[in-house]
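Okay, structure first, notes after.
For clarity, chains are labelled A, B, C, D and E in written order, and residue numbers in each chain start from 1.
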């Protein structure tokens, strides 16, 4: 853990430098434009200063985002709707519920596909097709329909998360559950292990590397789903609502701070899975 | 009532047919027929439910209405397909997967990067399209370039994670063998680590196919020229021409499945040796 | 109290101040109503929501409402709090656009999601095609709901609302003198904006009708209160914005601008305005502009307002 | 060569193969692994299979165990099909490669079939301890497979097959990776076990002395397509001290096996 | 036992181990795999290692090959560190398990090291054909590893190590899974190769006759912690027909090895 501090800081530092440079590059035209209209000419240092402090920049400088994040997290009560933490919490709950549902569904489908030939032959193509449906297009309809049958609140959002997150799990787990060597399966046959036993004692353990890789992707997808799901629920609360609202009012700094918050959330969630993975693999003697 | 009975009957019939098919020896046509039957079953059930419950077409149009629309708007659908899939999704997919692959190799090569870049990579993973799309439209303009950029961001992480995991898949003895040959880094990569990583890499590539499509379509919601599948879907929702919306969705599903199918086929060719492919 | 759900077309902002004020000041309660206000967003079609049973009454633009009617959603306008419209087109003078004569060859940002009908009608009357920039055509961009394309120089002209994007442009540092403004109303392509619509079948139920009468009465009371107490109205809007993203000064400005649009209306639909909207729409029926193809019937009623306001 | 029928006619055979054929389809043409193989194994027999590498010994064993479907002929086990026999857990199988599950400790690996067969926890512990002791791996119960040497892994896999008490043991070169001393020791233990329990054992080996020392019958096979070329009934008594291996009878049998093997090789 | 120094003092040693220690850290305590092992192997020596399963033979070989880092003592190969020797491709290694790459055919697996060493295509083809013939696998070039029997895989892996002409061969039980006839054949071939090329060979085996037949020196090891208990210089001539195995000298050496082995086992 400690060993990764320096590398992470280095990479982050490098990205920050890149970010500042990009901010200058992207925001400079506007600075010149303004100056031209005001009939001034700008020195380079003036340009830099301007590009890093515009109110509605094309790309806000890191410190602007940092300040916004600081103001909307540390300086607001967690229960305030102006607090990013509050919104992150709203998104998090939908993400987690959706992730759990999606992972469950994904594993169930994978098991079905691996064990049932009918499902193997007929379902997989449709699972794939389902993922090509642009969720943003049907999300509102889903919400409308669910609303019509009386389901509202957290669940519709979580359903969209689930919809996005079950797919990586299916793909990974089908592969993982099929990864035991022929000899290992033969052994199970000689013991006349039931399907359930073969699953729990052989297929599932050997699918672990695939499972964790899929879970990481699913978690990220689930967060995206939660955010998408926040739009058609009326963009009421959550990071998605912040992103949208930011873009309606041209508040790039607000967009970026919501983005950063989403990214931090994702990094934490994926990090937790990584941690679980390490613990698990160690317990399984595989690290 | 009649339509609902029809839906139930269609479901039962389709399922029975597939169960029967699955008992037959596998041939290319039966592995093709099964999903088609499943799909037709779904469509029949859908038709029955829409008609049976008299669902308003602005909520959910019937498959027959969608089919009629596909027939009458073929030119429009093709133009949208070319704009979104051929220009936006494909180019983004190639760039995104390529970049993720290269970075995964770099990450694997330098433990420093592995420890530094991966956590930061997790970061990028969750940059939600909805957040990225407006910004990327702002940076790369309204045309397909910004859609490609969104796709790049979308497919990057799954590919990265899978490739990094895959590059660690070679087992100890296989690596020892390479050591005894004093094979350099590149040769080990080429002859051992990459082949061993292929099952994982293809996972990433397959997940990427559908993400690329979603990404390109959804990005068009945030600004686009007046052509493209995402554009059409969003404006048609606004105009309540839901049959066109579903026609586009149908094209998207078809394109996505074909894209995925092609990758799965390539995968079969490349990783024939993996237990999961050795039936 | 009777439950009632109102679906807005857009996110919580002062554009809907009247309803929030009515709720906050207890006007609905006085009428024995328990109103839930559902904010919308770009990908919410209120017409879908009402068909799906998610709302009793919706706020939408008349063009979209008539279009929905033709597609089998029998919407009826029961009240029209907005007398005039705030939709306009803004161009940067520096790009060389001075009048409609300069449009050929330009890139124009347009809002879709059912907001595109007046634009197509206007272009048709100017004899401009919308399939690309050339001697007699313009390039149309699907503009996101912000003023960025103009500020970033990606479009020569964009759609704005007087009460929202227009101010964003000004705030970005561009002065009114640097802008050319085309107001749809002034051009003769004005279409009625935020009206209240319900399903025709529902109106046959006297109890529902009565509920609507009380609702419209209270809502109009809210609007008039908002016009007179603008600061308070803005604060109420901020109070009700769950995203916490709205800023007071902007909402204050918006209340002011919206007040100008509601000022001329007591809630009753003006038949002349209705006729103009229909005529404009019918004047430009085309592939891109499939709003309506024939004269609608029964698309509005005075039954509610007559009872509510007298 | 026509399909002959080899086998003692002692009572009811436990395993009976009739005219067995097996052909693998590979990317470059079919491989005939078994051709016209017939053999009866009686109850309590200890049958060794010996033959050049690649002649089909493993394949034959796998047919008996219902791990491979013959393309011709029939196999019966206890009068049942191999599948029924497998379902009734009639045999234990030791694979040619150790094939331990990497995520389970040695103890966990041995316990695995016991868990599957639903044997009580206490009984499991007792059995694991007993078989670990038998293969001299006491003290390694908590280690993971990759922490063991090749021979130790092989012994662990033998222990796993011995742990559950099947009446038929199918063993594919179980002692290949062991040194002579351990091997002698395990040979003795296996004989004792066989004698005590009356198990029927089919045993693949490459060591002629081992085959002769252990078996009541030795089956010599020849390759491509795999056929049985000789079946030798051992004249040795059931009771076999290690030094029986220096007796003339023993050497005589060993000589006959070697000749059969050499004939099968042909090209060498 | 104090660290002794075993070894002939012939010229410059090719491989020299001084006081080697190796301890593995495992989840339940350290395992002492090697302790105070010292040995010199001269140029052209054929040294066999024999010892009970788990005594550290593989570990010792892995130390020489720079696949394992000793926790104490030093190893030199050609006067260099094992790492330098590995980098200069000084040896070929045959692993205890075949370890073929599943995505390559048998031919492709044998070709692998040749490709890595940048040997011309034509030369590759020639060598592959030659070594396949040597291990009697001609005709299996295009098969994939999982289509081969266990013994055939093992032979393919031997062929792979022989394919590139290293001066030192490290072989870990290469003939474990082979029948006696093939084994004899390969023993002869290996001796011929050794005689012709003057390679230095370190060879782990469990077969006492094999060790005696092949080696100029036999190293007997004892387990936990792995130590060298005896080093026997063979009195047999370089020229060794197969029937040398019936001579009294041979049996005499074999007896001594067996005794050493038995002593090391202790508990059996």
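As a working rule, a residue touches a chain if its C-beta (ideal position, glycine included) is under 8 Å from a C-beta of that chain, and two chains touch if they have at least 3 such contacts.
Remember, predicted model here, so these are calculated numbers, not experimental data.
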Number of hops, subunit A to subunit E, where each hop joins two touching chains:
2
Given subunit B and subunit C, the chains that contact each of them
A
Treat touching chains as neighbours: how many steps, at the fewest, connect subunit A to subunit D?
1
What are the two chains with the most C-beta pairs touching?
A-B
Can you compute the centre-to-centre distance for subunit C and subunit D, using the mean CA position of each chain? Integer Å is fine.
84
Taking each chain's centre as the mean of its CA atoms, subunit B sits from subunit E at a distance in Å of 51
Can you check how far apart subunit A and subunit C are, centre to centre, with Cα atoms defining each centre and the answer in Å?
34
With chain centres defined as C-alpha means, what is the inter-centre distance between subunit B and subunit D in Å?
49
Listed in rising order, subunit E residues that touch 2 or more other chains are 27, 97, 144, 146
Quick check: what residues of subunit B touch more than one other chain, meaning two or more?
59, 134, 138, 221-222, 234, 237, 274, 278
Multi-chain touching residues of subunit C, meaning two or more other chains, are 42-43, 45, 48, 52, 144, 146, 148, 152
Would you mind giving me the full set of chain pairs in touch?
A-B, A-C, A-D, B-C, B-E, D-E
Which residues, counting only subunit B, touch subunit E once they are in their complex?
173-174, 176-183, 187, 191-192, 195-196, 198, 271-274, 278
Subunit B partner contacts - residues on subunit A that touch it in the complex:
3-4, 6-12, 15, 26, 58-59, 116-118, 120-126, 128-138, 140-141, 144-145, 167-168, 171-172, 174-175, 178-182, 209-210, 213-214, 216-217, 220, 223-224, 227-228, 231, 239-240, 243-244, 247, 252, 255, 258-259, 262-267, 269-271, 274
Using the touch definition up top, name the residues of subunit E that touch subunit D in the complex.
24, 26-28, 31, 50-55, 57-59, 96-97, 136, 142-144, 147-152, 154-155, 172-173, 176-183, 185, 206-208, 258, 261-262, 265, 267-268
Where on subunit C is subunit A touching in the complex?
11, 38-45, 48-49, 52-54, 144-148, 151-153, 164, 168, 171-173, 178, 241-247, 250
Provide the residue numbers of subunit D that touch subunit A in the complex, in ascending order.
62, 65-67, 86-89, 91-93, 95, 97, 99, 101-105, 112-113, 115-117, 144, 146, 164
